[in-house]
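Below you'll find a set of structures to go through.
The two complexes that follow have chain A in common; it is paired with chain B in the first and with chain C in the second.
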Partner chain A sequence: MSKRVLLGLLLACGLTAPALAQAPKTGGTINAVIQPEPPGLMLAQIQNGPTQMVSGNIFEGLLRYSPKLEPQPELAESWSVSEDAKTYTFKLKKGVTWHDGKPFTAADVLFSIEMLKQTHARARNNLAQVEKVEAPDDHTVVFTLKQPFGPFLGIFEVGSMPMVPKHLYEGTDWKTNPYNNAPVGTGPFMFKEWQKGSFIRLVKNPNYHEKGKPYLDEIYWQVIPDAAARSVAYETGKVDVLPGGSVENFDVPRLSKLKDTCVTGAGWEFFSPLAWLWLNNRQGPLADKRVRQAIMYAIDRDFAKDVIWNGLGKVATGPSASTIKYYTDDVKKYPYDPAKAKALLKEAGYKGEKIRMQPLAYGETWQRWGEAVKQNLQDVGMTIETIATDVAGGNQKIADWDYDIAFTYLYQYGDPALGVGRNYVSSAIAKGQVFNNVEGYSNPEIDKLFAEGAIATPDSKRKEIYEKAQKILVEDVPVAWMLELQFPTIMRCKVKNLITTGIGVNDGFKDAWLDK
Partner chain B sequence: MKQFWKSMLRSPSGVIGLIILLLAISVAVFGPMLFPNSPWRMVQRPFLPPFTLSTVPLGTDALGRDVFAGMIFGARVSLLVGLVSTLVALIVGVPIGAMAGYFGGKVDDALMRFTEFFQTIPSFALAIVLVAILQPSIYSIVASIAVVSWPPVARLVRGEVLSLRTREYVQAAVVTGQSNSWIILREILPNALSPVIVLASLMVATAILLESSLSFLGLGDPNLISWGYMVGAGRTVIRQAWWITVFPGVAILISVLGLNLIGEGLNDALNPRLSREGR
Partner chain C sequence: MLSFVAQRVVKGVIVLLAIVVLNFFLIRLAPGDPAVVMAGEAGASDQVFVKQLKEKFGLDKPLPEQLFIYVKGVVTLDLGFSFRQQAPVAKLIGERLPATLLLTLTAFAISLALGILFGTFAARFAGTFLDTGITVFALIFYAMPIFWVALMGILLFSVTFDWLPSFGYDTVGGNYTGLAHAIDVGKHLIMPAMTLGLFFMATYTRMTRASMLEVKRLDFVKTARAKGLSDAVIQRRHVLRNALLPVVTLAGVHSGTLIGGAVITETVFAWPGIGRLMYDALLQRDYNLLLGVFVICSAMVLIFNLITDLVYRLVDPRIEFAS
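Now for the complex of A and B:
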C-alpha cells in the first residue's frame, strides 16, 4: 500500500523535474533538519555524516558525481588521462575565489592533499597509489600514480577530498585553527552562524563561480534531537526538508501522504549503503557453505523491504549494490524458498545447534528486522538466540569475532576497489575492526581477482574481473546480503532540484530553488 | 485456615482480585496450549485493525504478528517474572530482616546499613543499570527486580520480629533453651507472616510493572514476548495503530489491579482486628 503511495507521489511531484525544466526562481530560505548535530564543520578533519551534509555545501571537491557516478566538473573544469593510465591532469577553473575573496589556485590543491593525508583516513587510503602531485602552473594539477588505479577518478568527491584554503591554514596548528569554527570554502554557501543545540545558518555566496547560482538566500539547518519531534516539526511547517535517516521509517508513509510533500530515495548512489548479515565463517554450523546458502534461502527479503523498510530499497543480489560500477545480477539467485533451505540444512547435517544472532542497535527498524529474520530462520528449523546489545557492545563483539550472525550496513563508495573488496579479501582480516573482512572468509582466488581488478586496464578488463568475483562470492555466501538501503529524503514539493547528484543533499543546495 | 478463606471471600475486592489472578494464571498456563502459534510468527498483513478477521481477533502489529497470541504468551512471561522475582526477594529479604530483628545490636546495625545501601539508590534506575550490565535476559531481569525489591521486605520483617522478640512466649522459648534458629523459624516467623504476605502480593504487582517498564525501554529478554515489550514496540506507531499498545497495556493494568485488590483482601482477612469486628 505504502509502496504505491510513494510511487504515486514520486511521479506526481515530478522529481524528474529537470526534464520539465521550469526556470529556477531566485531567493528564499530553506529550513532543513540536521541529525545528529555535527561535532564540527571542518570537513577535511571531520567526516561524520551530518558534517558532510552541511559542509558539502560550504566546501567543494575537484569533481562532482552524477547519480550514475560519472565525474562532472566542479573546481576542475576538465581532466585528461595519459595513455598508460598513470598520469591524470586536471585543469582548474579560473576566477574561483574563497569566501574571503582570495583566489583559489593549484597551490591550494597541493596543500589540501597534504592536510588530508594526515587528517582523513579514507583520503589517505584513496591516495595510496599516488606517487606525486605537481602544479606546473596556477591552474593545472598533475597526479602521477605508481601503477594504474581504475577507480582513481572516483576519489574527488567533496566529502572524500574537500579543498581547504592554504592561506588560512598553512603554518598553523590545523586542529586548533580558528577557521575550523567558521569554515571558509569555495562553495555556493558561506558559513554565517551556529547556535549550538539550535541551528546552523548558511548564507548565499554572492561571488560563487557559477554565475546565477545558488538560487537560495539562506539555509537553516535545524537541530532537533528527538525523532518524533522532527516529524512534528515537518508537519507543523517548521522545517521543509527531512534528509534521509532523520525520521523513523514507519513515519515515512504518514509524512509522505501530507499535502505538497515529495519523497525520493535518490541521492545516496555514491554511498549505496548495503545491509547484510555478518556470518562467522570460522566456527560452528556457519563454517559450512550449505548452511550459509540455506540462510539466504530462508530469509524473506522482500518482506523486509516491503514491511520493515516501507517499500524503500532493493533486495540485494550480491556483494555490490546495483549502483556500483561493474555490478552484475547474472549471479546465483536466492529467492525466498524455505523448503530448499531445509533441504540444504539437512544435507549439511545441521541438527539444531544454537546460533547466536545480534541485531544492530540503531533503533526500532533494525530491532524489528532482527525479529523478522529470527522468525524466518526458526521456520526452517534453525535454533536462534537473539543477543541484545547496545551499539558499542555490539561493535565489540563483532571486533572480537564473538558472534555467529550479526546485522550491519556499509557504504560502498562507487567502485568495487574502494568499497567492496575490503569486505572479502583475506588481507583485510584483522581482529579489532567492525568493517572490512569481519566474517573471516578467505579464498585465494577472490584475493587475486580483487588485487588484479584494482589496477587492471582498460575498463572492460576490470568489468570482466569483478563480474567473475561477484559470481564466486554469491556462490560462497561469505555474508548474507539483505537490502540495498534507501534513506528517503522527505521535502515540500516547492523545493526543486535539491537532489541531482550521487551524494544528494550533501552538495545539492547549489542547484536547489524554491517555487514560491 | 477456614477462617482465613471465609474472611477473604467476604471482602469483595479480594474476590474480584482472586478471579482476575486465576484468569490470568489459567491464560498463562493453558493459553499457549490452545493457541500454539508462536507470537513472533508473521501471520497476516501488518497493521491489520482488530475485529476484522476472526483468526487474528485483536489485529496484527507492525510486522503482521498476532497481537492476541502476543497477549497470551506475554501473560506467561509477565506473571512468571512477577512471581519468581518476588519469591527471590522474599528468600533474600526475610532471613536478613529476621536476623537483624532477632539478634539486634551490631548484627542489626550491619544488616540495616547494608539494606539502606540498596534503598538509597532509586530502584528503577538500579534495575536498569543491572540489566544493562548483565545483558538483557529473563534471568538478569528476575535477578535485578529481586535485588531492588528485597529491602522493604527486610525492613518489614525486622520490625515485626523486633516487637515479637519481647513477647512472653518467645521469652519462654529462650528460657527453655531452644536454639535461635528454632525460635526464629517456629515461634517468630509464623506470627510475622501476615503483613509479609500482603506485601508480597503487592510486590508481584510492582514486579510486573518493573518488567514491563524494562521491556518498554528495550531491556526485555529479546527471545521472549512480554506485555511491556509489546507496548514499547507499538508505542512509536501509536498514531497509526492504537491497538498494538492498548491491548497489552490494558492487560498490564488489569493484572496489576487484580494483584492490588488481592493485597487489600488479604490485608482485611489477615488483620485480626479488622476481620473480627462488625462483619
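Now for the complex of A and C:
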C-alpha cells in the first residue's frame, strides 16, 4: 500500500469518525447494583463507598476531575489562584437550584464547609490549611490559606466536599434531620424512594443546571447482598451495571464474555486503591528492615495478580499508585526471589518465630490471597499463623496495634499529600484508629519530606520531594505493597458514557445515556 | 387458663429483661468498636473524629450508664437509635418485619404441612420403598447447605428455565398494585420459602414418622383395631393426633427462631428481611440495632412458646394448665 493511499485511508477514517460518534439519546432507566446497601445517603455525614456511589448523583461538589485528575467545572464554573498560591477564588455557576427549587449560592458553600469540618474527617484534614473562607457576593467564594497547599485544587470532588443546602440544615439537629433520609442536592438526579433492603430509586432532575442533562429518566440501585446472586442478576438481565467490586473477581472473566457486555477498568484514577500488608514495625522480627524486605522478595505478586485477581490490576512498586501525581518507578525493585528472601532472613537472625497474619474479610478473593501469601512466606521458612476475624474485629486489632501482618487496601485521593503521607508520617501514629500510620514507622526525613511536599511550590519542587520520599520508603519497607487494585465496571454495551471522569461511577450518571 | 397466661407473660417479661442485659454485655465483648468501624468507612480516622462519633452516640459514657439508658428505653418501648443507619431502631425493624414474617411463616407452613404429610405416609408404609424414598428425599434437603440449595434453585428455575425471579421481594420498577402485586410477590416468594421450608421439612418428617411408629405399638391402638375401626380412622384420629405432641414441641421451638434464622436465605435471594438487618448490624457493630433485633427475636420465642403450650392443650386434652 502506498503512503498516499494509507494517508487517504487515515484521513477518510478521521473524517468519518465524527459522523460515527452518536448523539446522546434521552430517556430510559438504568438498573445498577449497589453493594453493600448504604447506611444512609447524606454524603456530608456518611462517607462510605456505597453512599457516595448513590449520592454522587444527588449531591455535587465545586469541581470534578478528569481521568488525568485535572480539575473540571461542576458547581464552580471557573477558579483562579493568586500569585503567592494562598488565595483561591471560585466563581459559582449561576442559575443552579436545589432540588426543592431554592437557589444555590455562596452561603451554601460557607455553611457546607462549616458542617463538613464537624462531620467529615477527611474534609476537615483537607481544610486544615484554610485560614478563612469568604463570600464577597452570592456567586464568589474565596479561600485564603495559611500557607500554599499543593493539592488544594484536588479536594473539591463530591465525596470529599459535598455541598449541603443551608436552608434545610442550618439550626437543626444534623443527626436527626429528616432530609438525611430524603436528601436534597443540586445533582442531576433527585431522591425518590428507598425500600430498605431492596432498592433506591433516583429520578431525573428536570431543572438540572447543565441543559439537556441528565439523559436518563431514572436509576434503580438494587440491593443484592450475595455476590453469586449479583452475577445471576446481571446474567438474567435484571441489572445493567455492576460497578467495580460488585462481583467476585473470579466471575469477571465469565461475565465479560456475555453477549452485549462491555467492561472497563476506568473511573478509579482519583481513588487509586492500593493494596498492601501492614507490617507491625514495633515488635518481633518485623522490627528488622531486612525481614520486611525479605517479605517483599518472598511474595509472588505476579501470581496474585494473574491467578487470584484474574489478571486485573498491577503489581505495586511502592507507596504511590502509578495513577496519582508524582509517582515514580525509579525505586528499589523487589522481584519474586525466595532465595534472596531466605538469605535476608538468615542475615537478620530470624529463627522461625511465629508471625500472625490477618487476611481481610472482604470475600473469597481476599481469603485466597491470604492463603497464597501464607504459603509464600512459609516457603522461605517463616512461621505464619492465620488470624480469622470479621472486618470490624480486624480493624480493632489493627487500631490497637495487636497484629504482625495484616491485609488492607486504601484510597489515595489523587495526591500524595492527601492519601499517601497519612500512612507513613510519625504524626499519624495514634493508637485506637485505623488507616493512619498503624505500622509505627518513624523516620524524621520522611516526616520532613511530606511536610515540605504539601506546601512546596512550584509543582516541579513537589515532584522532586515526593520522588525522594518514595525512594526512601521503598528501601525501608514500612509496609509490603502488593497490588494497584482494579475494580472493573461491567455493563451492557448499550450504556454509553457511564464513566467520564477519574471518579467514575462515584461521580454520578449525568453523562450516561442508553443506546436503545 | 387466664391466670396461666398471665403468669407466663410476667415470667416472659422477666426473661426478656435478663436477655437484654446479657446481650448488652455479650455484644460488647466482641472485638470491634462501632465508632472505629464508621471512621474507617469514612476513609479517615483521627482521634477527634472517633471521639466525636462516640459522643454523638453516647458510647463515651460508662457502661452501666449506657445499660441504664438502654433498659429504660426498652421498658418504654424505645429501642434506641441506630448509629450507622441514623434512624430509630424500631423503624428499621418495622420496615423489615413484614417481609421476614411472610417468608418465614410461609416456609414454616410448607415445612409443617409437607413434613407431617410425608411423615404420616412413611409411618403408614414403614419399611417399604415409599418409606425409604421419603426418608431419602427429606434427608437430601436436610443435609444440603441452604445456600447451596438456594443457588441451585436459582440456576435451575431462574437462569435455565427463566420461570422464577432470582432475587428481591417484588419486581423493581414493576409498579404493580392489588392482585397483580400479590402475584408478583408470590412469584418472588416461591424459591426462598421452598428453600427454607424444605430444610425444616426433614425434621418434621422424621419426627412424625418416629412418633407415629411408637404410638402405633401402644395398647389403645390395638383396642381401636379390636373395635373394628378402619385403618384410616385409626391412623388419623388415634395415631396421628397422639404422635403430634413432639412435633408441636419442635414446631414451637422452630417458629420462635424463624424470625432471625433466615439470614442465609434472605442473603442469597436478596429478601429484605430482619435476618439481613441483624447480620449487617453484627458486622458493623451497630449495637442498638443488633440489640433491638435480639429483643424482637427473644420476644417472638417467648410468644411462640406460650402458643405452643396452648396448642398442647388442644392436641392433647389430658394436659392441664398448671396454675
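In this section, the second predicted complex is superposed on the first by the 495 of 516 C-alpha atoms of A that agree within 3 Å, B and C clash if a C-alpha of one lies under 4 Å from a C-alpha of the other, contacts with A are read in each partner's own complex, and residues count from 1 in each chain.
Here, a contact is a pair of C-beta atoms (placed from the backbone, for glycine too) under 8 Å apart; a residue touches a chain by one contact, two chains touch by 3 or more.
This one's a predicted model, so the numbers in the text were calculated from it and none came from an experiment.
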Chain touching more of chain A, residue-wise (chain B, chain C): C
Partner chain in contact with A:389 - chain B first, chain C second, else both or neither: both
Chain B versus chain C as contact partner of A:175, first or second or both or neither: second
Partner chain(s) touched by A:371 [first = chain B, second = chain C, both, neither]: first
Contacts of A:120 with chain B and chain C, given as first, second, both or neither: second
Which of chain B and chain C A:426 touches, first, second, both or neither: neither
Touched partner set for A:250, first chain B, second chain C, both or neither: first
Touching partner for A:144 - first (chain B), second (chain C), both, neither: neither
Contacts of A:89 with chain B and chain C, given as first, second, both or neither: neither
Overlap of chain C and chain B interfaces on chain A (superposed complexes): 228, 389-390
Chain B - residues contacting chain A, complex: 38, 40-42, 46, 62-64, 132, 135-136, 218-219, 221-223, 233, 236-237, 239-240
Residues of chain A touching chain C in the complex: 29, 31, 36-37, 39-40, 42, 45-49, 118, 120-122, 124-125, 175-176, 180-181, 195-199, 201, 218, 220, 222-226, 228-229, 232-233, 235-236, 238, 389-393, 395-397, 399, 410-411, 422, 430, 432-436
Residue numbers on chain A that touch chain B, as the complex places them: 228, 248, 250, 254, 303, 307-308, 359, 364, 367-368, 370-372, 374-375, 378-379, 385-390
Residue ranges of chain C in contact with chain A within the complex: 30-33, 36-37, 39-50, 52, 56, 84-87, 92, 95-96, 99, 147, 151, 154-155, 158-159, 162, 165-170, 172-173, 266-273, 276-277, 280, 283-285
